[in-house]
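The same chain A turns up in both complexes below, where it pairs with chain B and then with chain C.
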Partner chain A sequence: MTNQLNQLLKVAASLTGVVVVWWAVAISGLINPLLFPTPYTVLIAAKELYEDGILISDLGISLARASIGFVIGAILGISVGILTARTRFFAIALGPFLNLLRPIPAIALVPIAIVWFGIGEGSKYFVIAYTVFLAVWLNTHHGTAHVAQTYIRAARSLGASRLREFFEVIIPAAAPHIVVGLRLGAALAFLSLVAAELSGASAGIGFRLQDARDYIRTDRMFVGLIELGILGALLDQFFVYVGNKLVHWEQL
Partner chain B sequence: MQKIALSTIAGVVLAISGATSSSAEKTNITIGGGPYLDVPQISQAMDKNLWKKHGITAKVTPFRTGRSAFEALIGGQLDFALMAEFPAVIGAMRGLKFGVLAEMSQYQAGRVNSNDKINLTSIKSLAGQKIGTTIGTNVHFMLDELLKKAGIKATIVNVRPPDIVPALVRGDVDAATMFPSFYGGAKRSLGKRYREFRINNYKTRFVFVGTAEMLDKNPNTVRSVLAALMEGEKLVKSDPADSQAAVDRVAKGKYKKAYIKSAWSSYRHRMVLDNDLLELMVREGKWIAARGSIKGVKSTKALYRPFLRGEFLKELGADRVDLK
Partner chain C sequence: MDNRTDSAAPSGRVDIENLAISFELPGGDTLEAVSDVDIVLEAGSFTALIGPSGCGKSTILNAVAGFVPISGGQIKIDNEPVSGINPEVGVVFQQYALFPWFTAIGNVEFALKRLQLPRAERRERALAALREVGLEDRASTYPGQLSGGMKQRVALARTFASEPKVLLMDEPFGALDAQTRIAMHELLLGVWDLHRTTVLFVTHDVDEALLLSDRAHIMSTGPGRIIESLEVTSSRPRKVDEMTEEFLTNRNKIMKLLRHHTVAES
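What follows is the complex of A and B.
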């Protein structure tokens, strides 16, 4: 309890420090206040968006998009990761291609996603799912491919069937890596969300960032960025909590 | 001895020239250019280096959109920028420091496009349809005004400029209002399915803006830049064929020659600053305020008038400035 309180105090002190420096720079006169607003101006912009019903509605829409894209990407990532790690055929057939995809950023896929899936929700889910998929696949593949041989030999010598070996040895051994992949994928889902919402969206945090840019509303842009930061941090903490419960033998 | 005397004289000359240049106006200027087809005066000035004749060196940097050029100007990376009037309205409402020196041209062939899913014979045929536009821009303003005037409702979908033609082709949207530079692509991509309806409620104005620092501290340079552009305009009027070729050379093959020729008549190329522009800015400002994008600012002529710096253009032609 004291540890948690200490941790909380440290976070609060760090964030307060950042806000103080931010405020000092904003009022120093070095930068045009319209381009670099004070924390107070940003707070007022957040209040304005909240009162207009935009803040909560954008949050809901973006969360829904990120969640659906994340679930699709995570399911595919785990499935393909296990296949490429444990099956020679899939390792040879898919491994090189997936490694080639890894350096392609989500934003580069937006134009092709729009041509393929149109400007509706499909293209957005595709872009988010793609980013999540690669992160989850890589971690799942790594974790599943590198299960200690001693575990497998021990299970086999005790007469475990292939199915039992898979569910009771391989999956638990790879689980910490899979959870790390999911944690990384969750963060990346928000990263690609902004790219996904650049076109075909009339609401959502990414759209609002672009709209704020169009009207030189840096205060509103800061609100969007802070929103993304808070959401990402909360989601990360959620994954740490759930991960620690699921993989209690490993500290995440 | 002679060597010492010579180096002393050289040193004095250098010192004097240095002192002179530091007190003189800035003559090396940077301009952010949008699509050169919209403002052929600048294409001619670049092509014939009309700047030199007026004692300036200009570096014109192409920008994908006028809005991006305006952002660079506000950020201090440019001295002048070319853009549509809409970002200038936003800049004035946000209290940024800049001045509009001239309206360079007007695009007079604005339209609504559609695929063959709807029979686009009038604005009324857009009722209940799904219309793509880039939300928050002048083409959105144009569409909103049209729908309001016709008293009809439609579903407006936000589509970024490069995605608007594919959206029409795929049928994600039934109709669209887009930037004029995409009309050609829409016609080509839709082929026989292409439909258009010409509108007259809105004409895009392409304006030339400068930083407050440039306008207040370097007035002679501003005069020279406008004089070079005015000379470019004379060439645009006297020799359209050469001006079209100049656009092609400057844009380095961005447009097809046939397209430049066919689009030419859709523009009015004349440097002016008048009440029409001011009234349009007021209308656009009211629309922006009603959308809630910028709050607490009243869109009136008094708000925009100080940003329209007609004094420079007036010196080149009194009849070109009509601001009350």
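What follows is the complex of A and C.
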């Protein structure tokens, strides 16, 4: 408990330091305040957005998009990862293709996603799911393909059927890797969320950033950036917490 | 205790005849790991396989377990040729191979599931198996929280619980310290006495082999083959601090053989 408190204090100290430096730079007069707002103006902008109801609705819309995209990508990533790791057919049929997809960034898919799925929610889900899928697939594949040989030998010589071997040995053995993939996928969901919202959206954190640019509202941009940072960090902590419960025998 | 004729369980005899095992090397060449090996494991006997690392002793064990294919000769268990991994053959690994996601009792129950017992009976039998190795009170502990010796005791309980006819042990105590090892020897003999499974015990520790086995085969490298076989007739329990004449004679003989062969090949 004291350890956690200690950790919390360190985080608070670090963030306070950053805000102090930020404030000092902003009021020093070195930079045009229109381009570089003070923490106070950002706070006011946040309050304004909150009172208009935009802050919460943007948050809700972006979170919903990220979550739906994440769930689709994660389910597909885990399923395909298991298939390419455990069956020769899928390893040969899909492995090279998926490795070719990996260097393609989500943002490069936005134009084609809009053509295919329109500017509605479909294209956002597609772009987010794509990014999440690749991260989850890669980690699931790796974890499932490299289960320690002694586990398999032990399971078989203890008379486990192939079905039991799969559910009671291969899946738990791969679970730490799958959880790492999901954690990475969650972080990437936010990256691609912004990419997806930068064009063809009418609400959401990414849209608000773009919208603020048209009015040179750097204070609002800062609000959006801080939102993304906090949301991402909280989500990551959530995944570490749940992950450690889920794969308690291995520290993430 | 030894030389007992166990008429109740005459099964578990292993015949290894003219065995050869070779591996394909990355370059396309083949490496002959083991050749011309003949071993008979009488039902209910305890046989040790001694030799330096790389002599193929683990390879023989892996072949009996059905983990690796053989390239010549044959291995028969109760006159049935080995054709793959078989639950009648239990294996205890040097690195325990416990499943860290199951508790101690969960690991033992894993082995019992193939018997398709009712849940309560399965649990009772798993608990009894842990009792045999003195770990009943650690039933719901995960392997990560157990010491090396305790892990190997759970692994022993897991393997004995599924009542294999043949038990293969691949340097099972190699990762343990000397004191724990002595305790494990006594524990193993105690549990083995209850089950009387045929044991093949692979080790590079000559004392360990002579303390535990009825029969010891000494191996040499290049390719792996048996260079000497001897009987150990003195009664158990045998102790390292009370060595008998036979123990010392055997020990000296094996040490000379191992030294001679290692020197000749290095």
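Operating definition for what follows: the second predicted complex is superposed on the first by the 252 of 252 C-alpha atoms of A that agree within 3 Å, B and C clash if a C-alpha of one lies under 4 Å from a C-alpha of the other, contacts with A are read in each partner's own complex, and residues count from 1 in each chain.
Quick note on the criterion: a residue touches a chain if its C-beta (ideal position, glycine included) is under 8 Å from a C-beta of that chain, and two chains touch if they have at least 3 such contacts.
This structure is a prediction, so every number in the text was calculated from the model and none was measured.
In the superposition on chain A, contact of A:111 is made with chain B only, not with chain C.
Of the two partner chains, chain C is the only one touched by A:172; chain B is not. By the touch criterion stated above, A:249 is placed in contact with chain C alone, chain B being left untouched. Of the two partner chains, neither chain B nor chain C is touched by A:27.
By the touch criterion defined above, A:52 lies against chain B but remains apart from chain C after alignment on the C-alpha atoms of chain A. When the two complexes are overlaid on their common chain A, residue A:158 makes contact with chain C while staying clear of chain B. By the touch criterion stated above, A:234 is placed in contact with neither chain B nor chain C. Annotation: chain A has no residue touching chain B in one complex and chain C in the other. Remark: chain B residues 67, 71, 74-75, 90-91, 94-96, 132, 135-137, 156-160, 162-163, 166-167, 170, 172-173, 288, 292-295 touch chain A in the complex. Residue ranges of chain A in contact with chain C, taken from their complex: 150-151, 153-161, 164, 168-169, 172-173, 175, 247-250.
The touching residues of chain A, when paired with chain B in their complex, are 32, 34-35, 48, 52, 111, 114-115, 118-120, 198-202, 207, 211, 214-217. For chain C in complex with chain A, the touching residues are 65-67, 85-87, 89-91, 93, 95, 97, 99-102, 110-111, 113-114, 142-144, 158-159, 162.
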